[in-house]
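As structure tokens, here come the structures.
Look at the two complexes coming up: subunit A is in both, with subunit B in one and subunit C in the other.
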Partner chain A sequence: MNVTYFIFFIVIVIGTLVITHWAAERSKTAHQFYVAAGSLSGMQNGMAIAGDFISAASFLGITGLVAFYGYDGFLYATGFLMSYVILSLLIVEPIHRLGTYSVADVIAARFPSNKMRAVVAISGICISVLYMIPQLVASGLLIRLLLGVDFKIAVCVIGILMTVYVVFGGMLATSWVQIIKTVLLMGGTLLVVFIVLSWVEWDFVGLMNEAIQQSPYGTSYFQPGNLFKHPIEKVSLILTLILGTSGLPHILLRFLTVKNTKQARLSAMSASWIIGLFYLMTLILGIGTIALVESEVLLQADASGNLAALLLAEVVGGDFLIAFVMAVAFATIIAVVTGLVFAATSSFAHDIYFYLWKQKRVDEKKQLQIARMVAGMIGILSILISMKMETSNVAFLVSLTFAIAASTLFPLLVLTFYWERYNAVGAYTTIITGFIVSLTLVVIGSEGYGLVQLANPGILSIPASFAGGVIGTITGKKDEHSYQHLLRKMYSEKQEAAPYD
Partner chain B sequence: MLKNNKNETASSKVAEIKKKHRKLVSTAVITILFLVIIPLLLVAFITEVNRFFFFLAWGHIFLLFILAWGVGIWHYFFIRSLEQSRDNRGERP
Partner chain C sequence: MIDLTIVLFERISLLLLAAFMLAQIPGFRSLLDRDITLDTVIYLALVFGSIGILGIHIGVLIHIDTIELESRFTEVSSNEVLIGFSMVVVMIAGLLGGPYVGFGTGIITGIYLAFIGGDAWIANSFIHPLAGLMTGWTGRFFSDERVIAPGKALFIGMFPPILHMGLLLMFIPDQEKGIELVNTIGIPLVITNAVALAIFTMVIRAALNETEREAAIETNRALSIAEKALPILQDASLISNADKLAKLLYEELDVAAIAITDKQKVLTHVGLGDDHHRLGEPLKMKLSHKALATGDIQLAYDREEIRCRVHTCPLKTAIMIPIYRSGEIIGLINLYFRHSQQIRAVEVELAKGLGTIISNQISGFEAERMKELLKEAEIRNLQAQINPHFLFNTFNLLHSLLRVNQEKARHILIQLSHYMRANLTIASKSLIPLKDELLHVNAYVEIVTARFMDQLVIHKEIDLGVEDVLIPPATLQPLIENCVQHGVKDQQRKGRIDLIISREGEWVFLEVRDNGKGFSDDLLTLLGAEPVEPSNGNGTALYNINERLKGVCGVASQLHFSNLPVNGSSVSFKILVSTKERNEDAGDDCRG
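Showing the complex of A and B:
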């Protein structure tokens, strides 16, 4: 094992464990554990959201996609960025005003039944676990590729770390791990961008011309159509990406960690700036990779393009820069999986255990104890499942997660907040239709059995879930008071978070 | 009389909230349409041979960045102005 790489990894692990120790001292109550007592500022939360959102797939994958496919690779990134427009406009404020510790709290504000809470909580857990497994599998594969460590050991190390952060440090440790990851990611990416540009003596046009010469697509490298051959596939993917983010519980929960709606809006806005600037830098990295690293070398190293940033770092900076980029990738992985464990934990401990099982008859100490136990169990379970799924199709699981999130929780939240006529029957049919249609289409689609040539089912499953919600509402009993009740809760009753102690 | 005034204030508040919601939903829908329809129109009506194709395609993609950041800023100040006008009227948040 390369000693420089190992030192960088150890520094990241020690740094994050120190944060966890500091956060553990400040996570003594359920409010502190679940939402960091609303102590984060809008800017800090924006950085944490960026840390939670930009996965290793984004950092390494988008650079590779731009390197391989040029324009289309970059178009992929804009789908992720644009999701923050939808999130800011439609979701952030109601989530902050209505939520306490979980997404189910928000829906229960309009449809306050245990059955509804259970359905939303189970959907949230499914989405978080479905997203966590491919992240863990991908991280295991990546660490194996980078360090030569066995896949199972790599998954175990990352799994144990994420569990320790959540169990001991709660939301505060999770947030600060994500903030530090964002600083490292932005700093590291900017550093590589500067090195690449100075390598070509700041001649960006020359770099583009070199990319055209090196790419197998030649002059078409900067034109659309290299990755997305069919316009329907392109629309479907973009729809799934921009709407899926608004249905990811680990992102939604982040808006509960600030003290007021102004800070929540500031969080979303600052996150979109950070994420946008990051993707602009990946464009330069991608073009730099294809120009400075031969495309055959890139293909031989990893056909998916995930090693593009590292190969570029090797060419322009040598061993030390590779170690730094690897450390950033490692921090990226642990920050994302930690957020996912946390989302699954809060759904299970707060919604299933506290509300449904114990009917709220549990004291604060016991709640916290159970939340920590649940985090530990979810961590162990995820490690065990991920170990068995070494050969699973990561892209399939990620597209399944985004498709389910965009077709279940997103339509449910939008219709709950903005449609007066919506009722409980409509809410159930929204989730059930979205879940069944997206799951079926992914399984029979080109990423699954290949019966239908559609990799991303969003173009069908998202309208289907909205249609399911409308039909369910029309057939269900008219409920005139739930919307007025919701508006009252949204605009009158929200208490500011208790100051952090 | 007092009761009537109270009802009028409540209904005007609800109307204001609904107006705000309509504005947010329509902005979101326009954004989605812009994101989805422009690339389709580009491919449908302009061939890659067209000398403007390159600039239109990249112009669209960079416009999306400006749009994402611009809408974020607009939304932040739009809600702030609504809250300020509500505070000026002496209503509780």
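Showing the complex of A and C:
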């Protein structure tokens, strides 16, 4: 292992552990543990959301996709960005007003039965864990690729780190790890972008021409159709990406960590700015990669394109820059998986243990203790599962996660917030239809057994879950009070200062 | 790479040396205290800028073709790169003075670097203001301490050098050489800069904060002890709560043992040596007596002075803190340590502060209690002034006397007026001469004996020369009234009350006896210690008198209750003849 690489890794690990130590001293109450006592400002929270959201797959993967496929690769990125419009328009404010510690709190505000809470909590945990495992596996593969260490060791190191952050630091450590990751990622990417531009004497048009010349697609590099041959596939993917984000519990949870709805909207806005700028920079990086790195080298290193950014860094900056970019990628991985562990933990400890199992009859100390234990268990469990999945197709799991999120939690939230006639039966049918349809389609789709030529089931499963919700609502009995009840809860001034501390 | 790192560390230690010396100058420290206005920003930027230029000159030169070091330089030619340490200075300026000071320092050093030249002059000049801004902002973002924690500084200090490397990659004309250069100097520069920044902050923090922090910690500790001691001191005398207080102090302070004593003996001992330092032992140390006598803190530095008879006793040194109540020393708190080295100036100051705080608290509570009691007395007197029963009875008495014995009636009327006047005046004073109190008593006695003509005899035996002894007002009269009310009234035989005032040396003894039914046994233990259930009239009378006596004249003057062998009871107390001034001090405290 290269000394330079190693030093940078150590810096990231120590830096984040210091933050965790600092946060651990402040995570004494459940309120502090679950939502950092609402102490983050909108800007900080926006950075944390971006940190939660931009995975290593976006940083390294999108650069590679742009390098390989040009326009279509960038289209992928726009899907991620656009999802924030939906999120901040439809979801952020009600979530902030209704939620205390978890997404199930929000739904329980309208349908306060334990069964409903259980269903929402379980689907939340499913989504988080389903998303966490491919992230862990991918990061293990990545670390193996970058540092040459064994896959299992890589997964273990990342898994243990993420567990430590959550167990000791709670939401505060998670948030700060994510904020620092965002700063590093944005700063690092910007630096590499400038170096790339200086390499071509600040001539961006020249760089684009060079890219066209180097790309195997030639002039069609900047035109659609290189990655997605099928228009339906394209629409389905983008739809899933756009709507799926609003159904990811670890993103939704982040809106509970700010003081008021204004800050919550501000955080969604700053997050979308950061994410937007970031994807613009990956576009430049991708173009730079294809222009400056020889395409044989690119293909040889990793056919999926994950090493594109690193190869670019090697060309323009040598070992030092590679080490820095790797450290950024490492921080990125850690921040995302930490957020996921946290989401699964809060769902389990708050909804299942505190509400369903103990019927709220647990004191705060015990509650925190259990939350920490659950975090530890989820961490260990995901490490064990991920270690077994070295050779399996994790892209399958990612598309499954997004499909499930987009067709269960997202329709459930939208219908709960905005449809007066909606009732508990409808809520159950929404979740169940969405879950079954998306699962079936992924399994029989081209990522699964290949019975149907559809890799992304969103285009079918999302409408199906909405339809399921409507049918369920109509067959169920009318319940008009729940919506008025919800509105009252939402707009009667929520206490800004939390009563817990 | 390692060689280069070592060379850089050597160079940077020179800079740290300079920084350390600078931090010792008192003026430098006060520089950091000022509010950031435009002129301080410029001033600080100039100061840091000149240190930064020093930092540039202790740097090394690197030949870009051969990547070789040259350790001293006068000018930088076109294919050489200057690696200076001005960035550390700029970063520290940013961390200490904020982004603007950092920026200003960066501009100064940047301009200087531009004039020096060399291959990387654009990158070098550009990074400095940027580094100043960056560290300033990130420092503010991560911490609001006056001087940032070294750990955080280490973390923040990594990024400007990384950015510097990025800029070198951008601005060195020969890009291949640039990569080679960055690969060589990148890691050493990042490490040395970050570590230097951390050490720099550590030095400044140490210089700046040590005294402040220690004082703050000790203050905090003293305050927290004071706060926790509050409920302990509140509810009773030091004596009964000595144990609790000692335990509290033992937990809060880092000492080997704690002892609390009154003026004669040890009340409690907590901590090491409690196997042979027992309760109730008389004070052995000469220094203890000295502390009690002078009221100053005493330090025992060796075993000899502690005078412990057990040779294995682990307690070697001690601080003795006198405790006051209302200006009077009532005892000592002794802090024991294992080694004399453990007593630093800080401990002594803490002990002093602690003594003052605890004394003030005791006195404060005492004063509060006194105020309560005075208020009680006042109310009681108000009640007496308008006590309708007493007035009625006296008027009835006068009414009948006017027919049979006008002379007597006149006399009683005068006594009534004495009595009323005494009631009016006594409430406003905390001490009156005994003769005034006796006038009050006499007036009451005259009226009462006139009323119960055949049923009550009151004897007075009063030594000569006690008239001017000071006594809290309304102490004797209520005692006699108490005898009349509870002791004699419902008895079959003739009531007899004796008031005996005698002088023995420094003390005046006062006793009131009656031949009534006496105190019941269960009452005897309660009397004076707490208010008793009022069966008739004011049940708190005896308690209030007792508390006032203790408060104004000291514990020695408290009331003693006993039953006489045959019939009746006795209530007695004593007061000092001579210590008039002390009493007046106490009186002042009471009113305060």
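Of note:
Convention: the second predicted complex is superposed on the first by the 496 of 501 C-alpha atoms of A that agree within 3 Å, B and C clash if a C-alpha of one lies under 4 Å from a C-alpha of the other, contacts with A are read in each partner's own complex, and residues count from 1 in each chain.
Throughout what follows, contacts are C-beta pairs under 8 Å (C-beta built on N, C-alpha and C of every residue); 3 or more make two chains touch, one makes a residue touch a chain.
As the structure is a prediction and not an experimental result, all values here were calculated from the model.
Look at A:Leu191: by the touch rule set out above, it reaches subunit C but stays clear of subunit B. With both structures placed on the common chain, the touch criterion links A:Val11 to subunit C but leaves subunit B unconnected.
In the superposition on chain A, contact is made by A:Trp199 with subunit C only, not with subunit B. Of the two partner chains placed by superposition, only subunit B is touched by A:Leu75; subunit C is not.
Touch criterion met: A:Val3 reaches subunit C, while subunit B stays clear of it. Among subunit B and subunit C, the chain that touches a larger number of residues in subunit A is B. Looking at the shared chain after the overlay, A:Gly276 reaches subunit B, while subunit C stays out of its contact range. By the touch criterion stated above, A:Phe320 is placed in contact with subunit C alone, subunit B being left untouched.
The touching residues of subunit A, counted against subunit C in their complex, run 3-4, 7, 11, 15, 18, 187, 191-192, 194-195, 198-199, 316-321, 324. Against subunit A, the residues of subunit C that register as touching in their complex are 1, 151-152, 155, 158-159, 162-163, 165-166, 169-171, 175, 179-180, 182-183, 186-187, 190-191. By the touch rule above, subunit A contacts subunit B in their complex via residues 71, 74-75, 78-79, 81-82, 84-86, 88-90, 93, 220, 222-225, 231, 234-235, 238-239, 242, 261-262, 265-266, 268-269, 272-273, 276, 279-280, 417-418, 484, 487, 491-492.
On the subunit B side of its complex with subunit A, the touching residues are 13-14, 17, 21, 24-25, 27-28, 31-32, 35-36, 39-40, 42-44, 48, 53-54, 57-58, 61, 64-65, 67-69, 71-73, 75-76, 79-80, 83, 92-93.
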